[in-house]
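In what comes next, subunit A is part of two complexes: it sits with subunit B in the first one and with subunit C in the second one.
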Partner chain A sequence: MTHVEANAAAAGEEGIGRNLVLPVLYPLLALLILVFVAYPMFVLFGRAVVEGSGPPFTLVWKVAADPYNRKVFWNTLLLGAIVAVLGTLLATAYAYAMTRVSIPGKKVWHFFAMLPTISPPILMALGLILLYGRRGIVTYGLFGIQTTGLYGLYGLVIAQLMSYFPFAYLLMLNLFRGLDASMEEAAGTLGANAWQALRTVSLPLLLPGLAGSVLLLFGYSFADLGNPMLLGGDFPVLSAQIYQTIIGMYDVPQGAALAIFLLAPSVLMFVAHKRLSSRMSYATVGAKGSSRLRLVMYLPARIAALVLVGIVTLAICLQYATILAGAFTQLFGINYTPTLRHVIATFTKSRGAILDTFALGVISAIVSVGLGLVIAHLVARTRHFGRGLVDFVANTPLAIPGTVIGLAFALAFSGSPLLLTGTAAIIIVAFVVRALPYGIRSGVAALDQIHRSLDEASMTMGATSGQTLWRVLLPLVRPALLAGMVFAFTRSVTTLSAVIFVVSPHWSLVTPTILSQMDRGDVGEAAALSVVVVLMVLAVIHGVPRLFDRDWREVHQE
Partner chain B sequence: MSNRTAKSLRVQSLNKSYGIKGGPRIPAVIDFSLDVAPGEFVTLLGPSGCGKTTALRVLAGLEDIDSGEVLLDGRSIARLPPHRRRIGMVFQNYALFPHMSVFENVAYSLRLRRAAEVDVKRDVGDALDVVGLADFSNRLPGQLSGGQQQRVAVARALVMKPDLLLFDEPLSNLDAKLRVQVRSELRRLQRALGTTSLFVTHDQEEAMSLSDRIAVMRAGRVEQIGAPSEIYARPATLFVAGFIGKVNALPGTVVSTNGGRATAECFGHRFDISGAAVTRGDALLLVRPETVLLQPPERTGIAGIVSEIEYLGDRTEYRVRVGETTVAAVRPSLGQEASFTEGARVSLAFAGDSIHLLPAGSV
Partner chain C sequence: MIHISRRALNLGLASALTLPASRLSAQARKVTLYMGPPEATCTALVEAFEKKSGIKPTMLRLSAGEAINRIRAERNSPQASILYGIGLPSMMTLKADGLLEAYRPKGSEDIPAKYKDPEGFWTGTDVDFIGFASNKQFLAEKKLKAPQSWEDLTRPEFAGQICVGSPATSGTGYTFITTVLQVMGETKGWDYLKRFNANVAQYTRSGIGPTQLVGRGEVGVGLLFAHDILGSIHKGFPMEMSLPQEGTGYDLFCSVLLKGAPEPEAARTFLDWAVTPESIELLAASEYFDVPTNPKAKVHDLIKPYRDAKMVNFDFAWAGNPDTRKTIIDRFQNEILAGRK
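The block that comes next holds the complex of A and B.
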């Protein structure tokens, strides 16, 4: 054997050794996903379907036949439908005003519209109660009315609109920006005025996006737990009903059966949404127009747009201002003496919850984005067996309301073979599973930015796919991954539904703490803790990129 | 669907600039004036960024005018919104509505006018007949080829019987062969309909083949307006000469002028040049490569050495060094004709009436 041949052989062996990384890593990954995503859902189904000595589905039928449960189910659908339709209208109008009408102060309007996306939805209920509740500063303080009108359908609609319309706004904003300007220009030269061009050309092109927004909001409304628990009143909905059944009545099988009825419509929505977005093909005919659209200068339109964004922003600001005020007053609604008592209590009594939330949020953000990247790489860049299935299962949490996931986790890991109840692990896993689809998305987005030839070049120079991932791709995708981590962190620390069944005395979290403070009537502490969690998220969103990434500005122009 | 009453267009001192936040305004079109006769086909020609598309968009009403006047058939339209100008436009990317069938795309302007269904059917049918797409009316734009999409866009603009047709580089997204074919179709169509048309392109060949007149633009200004042959033969500036075809700009001196004639000296030879409006002194002699005669060295002419030969199939391009200057010459490739080799000594000649004189400082 010549010298050269020996070298080649050695290199070959080395290559095989390194190549083992991925074949070992991927089965492990698949196993993790099966255990932590698929298995809990099977356990949940099992508890709902097979119960006691009766034939399967006895309980499910019994739950479905119960008139009260039926009412709760229809309530949930009604609330979801109202929020979905109103929210989409509001989001579309807001996005139109922001992208197409000449109005001042767009940065301000955008900032406040985005604020609810980084806050726990439960904050909306809290703010509404302080403003318009029985002792609300507006209803009672201003008008002297002691009303419970807030509690029920109307209050829920308003709270959920404020909590979730920003997500739809973000969706519509990107769609409006993506519209080819020459479409409306062509309509103009053909004799259409601005309104006709919008109605006959732009809105039909946006139709799939509008439907997507409706389904998105429907899903959010379904999954919401905090607002229904605080504002539901005599309008019970499924998520709160599940919680009451499990925590209040200790009836796990019944709760599991109810969870199936929450899950089914959510999955339907999700499937519909998926099919819809895969058919959103219109907008890409021909080359992109070079010109940007002119802003609407028509004065009445500008005034109307300004009034719209102004009112929405005012309503949102009022919420946050009230919560801030509530954090610094003795007992909002009764005793308005200023105090630091609640803030101090937050940093003493609730310190554990804040620190736990932060630590577990950071850990799960890193884990979910890391896993997401590996899965994205598996799906987009390799041909490993079963990659499609791994991708599908890892993405299913998108379709599952938080309450259902949380309950499934609590049931699946409360005993052998995997006892996790009471540990930090169960919270981290719940966070990670919920954030994983977004982790995958940011991974796919990051990898998409990199031309395939880069990894091919790396491979031709003798790198294994693992080495290529580590040495070539990872440095390039870092900004996108950081953004993904920030998003995962935000989502984790603001969720209530997914964690309410898995928190324990050892590991408490901020959102369930706020809920119990509200239950006890500690409005001040709840407000103070809310302020802290919003500030924490804001600090992470603005701090992390500045600390860790020079290229942040390039990636996030907005 | 011929347009019996073609309209005239008059643009007077049009100015348009863009503002950048916190910066100075950048002029895009400067003092642009143009008269287009009824039924005439005029092309705005220039390199990218010269303001030709901006000028077109201002005329369509898609951009606001800073100052100036636009008269269509004597009526001011400068401040009208696009939908009230009766100006049809064919966009560079065609801008077909992807959610509407070919028929509905073409019918769009008629429907906005609430035309009767019979009229819509007839007019759309006529327009699609004209562009040869009658069988495609139920297709969606996404199911058509680029050339077909382009024709739908033309039909859509024609069906409203516009007073003026604007074309914003409508051929640039087609492949080279198709471009030539669609080009001649477009010309035939415009001639037949007689609609006053303004066409924007950066392709000089396109401009020459389509237009009655060409306006060459550069850095926001119109450099020269004239018939294609006039612009080619008598470019007003060196820029125009170089943008439309290749040209040799040879340094020389005008030694005498007499009415429309001038005598200029170049490489020690005297040339009698007609139709020149220059004064005595230094000048540039513009000579198109195809008018340069390449002869064996023993003939009378300017002595030079062949420095480079480029064989292009139908023709061969030569570069000949004459002192410090390089002169380009083109000869058609005619069979087995003996040609010159690199390094060969040659004699150059050109006729005085193929020379165009420009002042020495022309750029």
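The block that comes next holds the complex of A and C.
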């Protein structure tokens, strides 16, 4: 320990005595996290493990032995594996084309590739049904084919690829950008062509990233509820089966037991992902892409890259264009007369859902980033007892599929000691708990950018750590926090799985409304409401920095 | 964190403050309902009720399964006072769970005894039966006649063209399966279901799911409650309805008072109103074509031809028993769903 750090530590410990904010805040925070993250999971486990007269685990074993449940379990794994592998290949190719190949229109390709990340995954199912269903405009209208092929494994793979490959793409994009190009250049100087350089130099360096992307996509596929509900057909997967067990058979204990079988693989993936990424960050130390990149100019490669991004972009555009068209036609697939009926219905019948979604999304974004910053500060800048545990528990929702969290919440807060059913609070808490890990991440990222010497200076001048956080650190980290809030908002507004068990007559949300509109067959209204959600999220993403971020405004006014 | 908006505030106040005076006045002004019929019908009903009584209704549309679950989950703090327009088997499940409060609505004397619970826990407002909805274009293209019997559905012409709600998640699907088992008996019934399964394109999640699939011609034939079929025909979908000559099953849609209802007085007012001809006639007026249980209510012209359809003597006590449900759904999943690719 250097002299300065030792001083800082001493100052910090001394500070605890004087400082009134954090010692009060900290136990409160720990309590909140225990009650809202750990407790619901305990309740869920309890319902699954101790049920009925038999010894513990009777039900869990029974569920595991049931042949139908086994089929569902393997289906889930199969779907996850296919989506993970194909999605990673696609994402890698897309990211490579975007970072290393000279192609025009990169901004456009990037925008459309990112569009699915800000819309509810259920939109993909909606678009696919309209395009390629048994009466889809492509399959039936264009080719006259009537096939149920979409309902089942193939449809699910396509829908999940479109919904989730962009997340993998983002990961790979950052990796390619971070990769030290001088390595490739060295390979080039030694006589390797672009392909050889990629294969022998870049790819081995990318391997941990590829594995990370596989695990990430596996997790997303596992947690998806909307697509399996609409496109599952005869290919049942766990998330939808849990919903059906509880909603169709009224069998909560069995649903809870199934939830454990969904949870276990997700946790395994998460742990594997975590270990990998910690190793990965070690591998890239010192490899901050320094030298200027030379883009691949080889014409066939450029054409191939353009074709790839073009096809993917076209497929995504078609989805959104179809949904947009569906929102303005009488009955897509039968009667294409233009109408404003659905849009009007959206702003009258579904107005409550839109307003509630927006309000709760904003509140939970602010809360999760605020809490995240405080936790980040605790973990990174103080030495309180048990801070590691708080950090760990607060981060566990990353590993828990939304369906499981939603179910755990519905079970844990439907009676004493804490009754939240039917209130806005249960929805806000569900949103916050799921967004908190990202809040912490944005907090850590924000604090990382500020040198410790600043808070040391503040402390030396006699400020408490609370004052330091509020008056010194907060103004500096505002851009990172705003980004975190936008992300939390997007995630909350687009989730279906986490809220389907906690919405109530008094508080309805957009995604469950879209699902029930699809069930009823009100395709037009579902499409119109979907358009509204996407526009709302886009407005927040582009509006928030413009309105609130002084730095952004300064940069863009020049 | 809880007291953020006016609604949360009201809710918080209503539950937190124990001042009897404020509570009573709050109760008299509003009522919360869970409702099963389509959105348009629910809206028509609650709007008419508000106009008539001045009580402000808040409603959430739910499927039978969602409703049962929610009511069970809210056992300790019921959020709604009324469950309206859900089939009798589900109501019997709730009654068995002790989640209903007996109440005989004023005016329910007019309703025949078979549509009411002898103990007064549920009162039927309308009856509906299962029918076959065929897409006219499909029939014309394949030169087929609409199916006239349960057996017709297993004919090769209909391979991959049939759609029905999954018994595991929809009331329609469950009524279908229990009807078949009652018409044919246990052994023959399950044998039939397996042969029928070979022709099924998809078991949809919700009971009304097939309406749209048949209407848009995604499949040729759907098994649906007549109110969904007639409603689609009325909306202009190219569909026709036929009934199985062996007899079809039906369901009785009921309204009930939930145990521990937060607004009991307003709820009773609603239940009294729900059995009046004025209220029941709103169903057909909002394109929800059911047969009213109240003989004083007018029957819509679209339903009249089907009033004498052959019905099985539906055994609700058996079908509504939670154990029956579990056995049937387990068997359905393991013997039929598990075999599908």
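Convention: the second predicted complex is superposed on the first by the 524 of 558 C-alpha atoms of A that agree within 3 Å, B and C clash if a C-alpha of one lies under 4 Å from a C-alpha of the other, contacts with A are read in each partner's own complex, and residues count from 1 in each chain.
Here is the rule we use: contacts are C-beta pairs under 8 Å (C-beta built on N, C-alpha and C of every residue); 3 or more make two chains touch, one makes a residue touch a chain.
Since the structure is predicted, the reported quantities are computational estimates derived from the model, not experimental observations.
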Report for A:246: first if it touches subunit B alone, second if subunit C alone, otherwise both or neither. second
Compare subunit B and subunit C by how many residues of subunit A each one touches, and report the one with more. C
Have a look at where A:424 lands relative to subunit B and subunit C in the superposition and call it first, second, both or neither. second
Considering only touches as defined above, state whether A:190 meets subunit B (first), subunit C (second), both or neither. first
Taking the superposition as given, does A:182 touch the first partner, subunit B, the second, subunit C, both, or neither? first
Which partner does A:201 reach: the first (subunit B), the second (subunit C), both, or neither? first
As the complex stands, subunit C meets subunit A at residues 1-2, 4-5, 7-8, 11-12, 32-34, 38-39, 43, 58-61, 63, 65-66, 68-69, 72-77, 79-80, 93, 160, 166, 168-170, 201-206, 208-209, 211-213, 215-219, 237, 322, 325-326, 329, 333-334, 337-338, 340-341
Listed in rising order, subunit A residues that touch subunit B in their complex are 180, 182-183, 185-193, 196, 200-201, 204-205, 207, 281-283, 285-291, 294
Touching residues (chain side subunit B, partner subunit A) in the complex: 57, 60-64, 81-85, 87-89, 91-99, 108-109, 112-113, 141-142, 149, 156-157, 160, 166, 173
In the complex, go through subunit A and note every residue touching subunit C. 66-68, 71, 133-135, 146, 148, 151-152, 229, 233-234, 236, 244, 246-252, 331, 333-334, 349, 359, 363, 367, 410-411, 414-416, 419, 421-425, 428-429, 504-508, 516, 519-521, 523
